[in-house]
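Following this line, the structures themselves.
You will see chain A twice below: alongside chain B first, and alongside chain C after that.
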Partner chain A sequence: MTDRRRINGPAGATIPPVYDDESRLDLKTATGRSRPPNAIRKMYLKTGVTPSASGSAYLEIETSGKPGVSGLKLSCSVHGPRSLPRSSPFSPHIVLSTHVKYAPFATKQRRGYLRDPSERDLGTHLEAALRGSIIADRWPKSGVDIIISIIEGDQDRETSRFQGDEVWDMMNALSGCITVASAALADAGIDCVDTVAGGVAALVQNTSDDSTTSIVVDPIPSEHEKILAACCIAYLPTRDEVTNLWFRGDLPASDMELYTRLVEQGIQASANANRVLVECLNGTVG
Partner chain B sequence: MASTQHVLLSPAELAYLHASLSLTPPIRPDGRTRTQFRPLVAETGILPGANGSARICFADGTEAIVGVKAEVERTQSRHDDETVYVEGAANNGGDGDAETKEDSRTGDSSWAEMTVEIPGLRDDDSGTAFLAAMLSEALLADGEFARRLWINRRFHWKLYLDIILISPPLSYPLPLLSLTTHLALLSTRLPRLQSEGDEDPFFDDDWAAAPHLFPRPTTTTPTHRPPITLLVMAVGDSIIFDPSKEELAVADVALAVSVSGDRSEPGEGGAGRKLRLLSIRTIDPPSRLTPPGVANAANSAYGAGNGAPQKMAEARTAEAEAAAEEGVWRAPRGGAKRAVLGALVQKVLEAGGVVDEVLDALEGVDLG
Partner chain C sequence: MSRHQYIRNLDYRDAIDEFEGYAEEEDELSPEDRALMTAGTIDVQAALGVEVSKVTVAQIEEALWHYYFDVDKSVTYLTTKFINPPPKETKPAAKQPHGNPFQSRTSLAHVFRDMPWGNVPKHRETTFIPPPMARLGLLGGSGAAPKISKLQALAAARKKKAEEKGATQDKMESARTKMNELSVGDTPAAREVPLAGAFSKRLKTSESTAQGRVPLVLSEPTRSEPSQSSSALVREPEIMPSVDKAPQSMFAQTLFGSHADVFHRVPQESYSLYADLPPSVLDAFTKPSPDDVVLAAQAKAGKKTPAAQPKKKGTPSADAVAGEVGELKISDAPLPKSRNFDVLSEFEKSKSKKTASFVVVGHVDAGKSTMMGRLLLELKVIDQRTVDKLRREAETIGKTSFALAWVLDQRSEERARGVTIDIATNRFETEHTAFTILDAPGHRDFIPNMIAGASQADFAILVVDSSTGAFESGLKGQTKEHSLLIRSMGVSRIIVAVNKLDAVAWSQERFDEIKDQVSGFLSVTGFQQKNIAFVPVSGLQGDNLVRRSTDPAASWYTGPTLVEELENSEPSVRALAKPLRMTISEVYRTMQSPVTIAGRIDAGSVQMGDAVLIQPSSEKAYVKSIQADDAPVDWAVAGQNIVLHLSHIDPIHVKVGDIICDPAKPIPRADTFTMKALAFDFLMPMQVDVHRGRLHAAGRIETITALLDKVSGAVVKKKPRIVKPATVARIVVKLDQLVPLEKGLRVVLRSGGQTVAAGLLE
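Coming up: the complex of A and B.
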């Protein structure tokens, strides 16, 4: 069904030539990383920002030094535990439902109001990460809703080229979601075995002609020439356990060493984020 | 979600299953060894209206059909090196093109679209979105697949992969859907291109001349194969492949691991195959949602609490949680140790292991 109410432009879009200044071209190339490879970006975490929810938290991750690059801004609210509706079947555990939604203005490409598949996918990852940390059998017949809005996605507005790095942004967003949801759960007073935090590690290639690779934590896609593989980890530090592992990339199977190092770095990043989380909770809740 | 559907097993049955699966070697309910797959029936080229199709039926009755349809689509041009002109710089657009002809084939992940339909689940169910994201992520991980869909600088193939589970989901359908997609992609053929360069594409109407999207193995060139995704789980120290629904209900941890096995040299069996790890996802095991058992010592029907001073309810709960009794089922809590996760991945990627076996079996399927 075509849209006949409005006057639409021609279907086949053409693009006008763009004349660019030679001096500005170098902005578009990868700038390189300004932090040490094992340091995550600074983050700001505050609990209890939404008075009407039983628990809430706000997380902001530092923008990188480059102008025009936004950081990640997340807001999470937890509603519950509350009794399940009469129509739902008996559950011996708490029923967890997670919603992750990008605000329409959070990314370069506008997101609609309905959740698209990638947002549902993020929600499922988050659910797996949190379900391991919640002591679910203390609340039979009850449910809890965890709602995260991504107010500002971690995207570089400078890069004009589409580099296919949206999936790497998703990993960064997921690690933030896990951390902020864990803080909001603690704020709501829901029993957990431990605070779970997210961390990302990536195998990157810094120059296109050079084949040497290095492992960095908390990668920003625009700072590197190419990201070869990345993993997002949700980690419980006191139990030394991983509740969610999401790896994506292209690694030779013969090189298990590389994979193990990547996971170790992801756990390290997660443990660093967890320190911020514990400090924030000590200041407010405890 | 499909992995978290309720299993009708009592706590005592769950405890029994957990104990028998943690033995070495594990005793599985259907008598398989730990790396054995369920027997399956596979055929390809079943849908005459599709560019490629496959059907796989597992012995437990789950059955999936995959149809691959291709359409020609105009490539959306972007502001990139070819359309941004620099003032004052020499026009080097014309002469550089010829030598970089091969490298100019670029792909985009939006050129392949995957949908999964599972009966009984809503279209917008998170579990379906998760399955589709997992399968397409493995397919697009190395960028080589999207590059195959390139026709010329102005046009590309848009590939629609429609996965339909035609039986109710009796077990977590991931391995079934992945193997069916693998076969459907292997049998996919695209019409032969007759036009040259960047002109509007014109194709040969002889279907017999249509080349395969993934060319047949030859003796000279390395062949690229679509990935497969395997479900692997750990119970105690045992690692179990292709778990059924009941086995998944007692899993400590379940992983979906996507691997591709390109042949660098021809050979029989696993020889000459280069495995690559493409993606790993943790599957939320349904064991976390199973009802806990009650030990006799805590059961008032067996005289618990009689004579003993009445304890606070909270203290009783804490006591019950602290004491893990043999044979009393408790839903697993917390995550997985990293050594267990490492062992799972190691086991999948092992040379001459399950992946080689599965890929060998799939190579035996007649692709028509």
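Coming up: the complex of A and C.
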């Protein structure tokens, strides 16, 4: 459903033709991974960006260095804890409500103003991830709203072909959402057992003719020929607990080892992101 | 071929050439020009000499015409153009094979003419050449390099010259450092760490081009990841490379500023705003402000939060301000503008036609509505077609004779029952007067409606059925009651239309008999003899209404027709100078106003923009616009039947029977009143209905104060127990609710479906 009160962009994106030019050839061929398979991208995290919110954070995952490829930019604000409206039933613990919304201009395909199912899906995953970290019974009869705007989606703007499933982008976005929401919750002073951060690991196929696969963390779809499977993990490092696990892809059911390795790599990625998170939070306290 | 295709294929150049050629033929050379042309041609041919064979006479003539017969110029032109043409410039070699494919659609037709379907030969295949594209530019827009304007070119040339003059190296250096300071994100701290991403690259390039120097060579940011990545992934947790915090991107810098940490906030020091003001000024602000004083006073007076108040000079007394604020009324719509006419003088100046309204009364089935329908038809207010249509409709339910009555009886119930139920109004104009017809119901069940009609009338037409038996029953019935009522409502002039005389063969004896009986009865009722007129008519045929009867049997009547009699009637004197009184006879919604009322002005005048008071609700309203006779007017006076569009009032405050009056002199409301009543029946303390025009209210006779003499009005007997018919008494009536009443009003008392008394308020 389109919102007719606003000026909407065209419904479908038109992609300009990309010509096979020698001067640009180097850009196109640099599709290989630009960092080690077990290294996540650098991220910039900052808390306390929205003065009107109880807590807020801004996360930026840098681009791959390739011009025209955007990184991930997220802004999160936490409102609460505040009393629940009168109409809602009694709740002995805090009621989390999470909203994840792509900005209309965040991705190559223009987004609507209303949340679509994929955005609602992200919100549900995020809620599951955060619920495990918050000490919910410290705040009975109250609610907290966590609102995340994805200012820039993690997409290659210049690719003309459709890079597989959009779900891989969603996984990267979700891991960022978890990290930034955790930082914002800490900024709001809501009691948590630990800081939770997100991490993504993926099983990728590097060349089209080759059937060899490898596991990488923090995958960028444009850097790999094909992503076979991926998992996004929310992990509490000090308690060594996983609060949310989202697995997707085509894997043989017999190969249990592959699953375990993917999850492990996801946990590693999450622990790495957590280090940035803790560093940032320590900076605010000091 | 469609028309569009034709237009698209039209060759404009050809069309224009043809047109010009045509124009030249028209443009004949004058004889002088012709002579000059001949002489010039010979001269040019002589000047050219041997070369003359290379040019035609036409070319020479054209050159001469072009150069105004200047021989030398023409010779030079012809020499360069035709005799020794300069070598043709070589065509640019890199011409695109098929031109611009976007230029025209039709020009491609010949390209594909012999093109086979499939298996296109290699030499016929095209090569698409990409349009030049700005590197890293935004999508869309023009990809071409920007065109340099003349001014820009000049500026560039000057700059180059200045540079050549030798700007020293240190000057350049200082300029560069300044530029660095100006640039948004390039803080010294940030410069050490190479910025990653497109933004940083773009920033650097723009900076370097701004300086006009060779861009700094920027290597692609190299990541400082330790190379201890282990390719073999094993179960036990491995040591992952530590992740450093990334620097801010341009976006984040713009959002949060370049300072890395804003959490060390500078503690806010308090300082006084107006430290160096003189103490007198400072003193002025130590006390509460005048506004605060007023607010405090209002709060004390128990008022609500004050609305915006006008600022007054000096310090107004708090009570006065509070009172004013209380009177403030906030309305969203602007008040209608009044033109402030002096309505009375306007009325005198206007010299419009006299207006008069009359009520048609009589016993049921006396033919009142039919007579009025015929009257309207004869006066061409309605056309024959409408009547024919009504007649057809009447035929379908077997009531052909009612067709004319249906002109006024428009409600389905009235048509089905064949009786008038509510008063119907219509208007017609004669040469001197504009009349309003109020067709009253004759049936005794609808007497209240008849009273409402009679209260709006200046005079009355009493319709009497002359057919045998009908007149006698009428005289006992409503003929009598109606005439009593209209007299008690203050109508003094009455025209008796003796109807249906065609049914008794225009018998003069019958007419005289009726005339005697009715006039005797009317004079008893209180009508003066000079105010009574008798006209023998036939409502169905239309005799003696507008035109005289053509029936030879009716030739004995030589008096005026009904319309002539109407015109002779002087309308009663209007109470123009009195305060406004208007009884509402209808309330409805229109597009112009949610509260639209119709009625007759009883006294006074009204104009657009006037404030009016509605009684008994005591609500104020404003007159948005006035309509009289379906035309908008600026003002209206007593006697006119008008429609008022009101504003600034809720419809719940306006009911039928309410009185609209002047807010300065409002009509008082009362639930108890004393009246001088003429009894038609026995009166004793009892339940009665009080009728006053459209208004009727239930009440009871409280006491009978005195019996009065009919002529002198002197008290005959105090506190009688009962009042006999045809006697006058002073009675006190108490009503169940507040009703707008005024001295001098005429009211009718009814009880049990009978009119029991009528009289004047005291």
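Details
Criterion: the second predicted complex is superposed on the first by the 254 of 286 C-alpha atoms of A that agree within 3 Å, B and C clash if a C-alpha of one lies under 4 Å from a C-alpha of the other, contacts with A are read in each partner's own complex, and residues count from 1 in each chain.
Throughout what follows, a residue touches a chain if its C-beta (ideal position, glycine included) is under 8 Å from a C-beta of that chain, and two chains touch if they have at least 3 such contacts.
Bear in mind the structure is a predicted one, so any value in this text is a computation, not a measurement.
When the two complexes are overlaid on their common chain A, residue A:53 makes contact with neither chain B nor chain C.
Applying the stated contact rule after C-alpha superposition, one finds that A:72 touches neither chain B nor chain C.
Shared-chain residue A:171: touches no atom of chain B or chain C.
Once the two complexes are overlaid on the shared chain, A:148 sits clear of chain B and of chain C alike. With both structures placed on the common chain, the touch criterion links A:44 to chain C but leaves chain B unconnected. Applying the stated contact rule after C-alpha superposition, one finds that A:91 touches chain B and leaves chain C untouched.
More chain A residues lie in contact with B than with the other chain of the pair chain B and chain C.
Shared-chain residue A:201: touches no atom of chain B or chain C.
Taken together, the two structures place residues 17, 19, 21, 260, 264 of chain A in contact with chain B in one case and with chain C in the other.
Residues of chain C that touch chain A in their complex: 128, 130, 133, 136, 139-140, 196-198, 201, 220-221, 223, 225, 227, 229-231, 233, 235, 237-238, 240-249, 251-252, 255-256, 261-263.
Of all the residues in chain A, the ones that touch chain B in their complex are 12-15, 17-22, 25, 89, 91-93, 115, 117-118, 120-121, 123-125, 127-128, 131-133, 135-138, 160-162, 164, 167, 193-194, 231, 234-236, 239-254, 256, 259-260, 263-264, 267. By the touch criterion stated above, chain B contacts chain A in their complex at residues 1, 6, 74, 76-81, 83-89, 108-109, 124, 126-127, 129-130, 132-133, 137, 141-143, 255, 259, 274-284, 288-292, 317, 331, 333-338, 341-342, 345-346, 349, 351.
Chain A makes touch with chain C in their complex at residues 16-17, 19, 21, 34-46, 48-49, 58, 60-63, 65, 67-68, 71, 73, 151-152, 215, 260-261, 264-265, 268, 271-273, 275-276, 279-280, 283-284.
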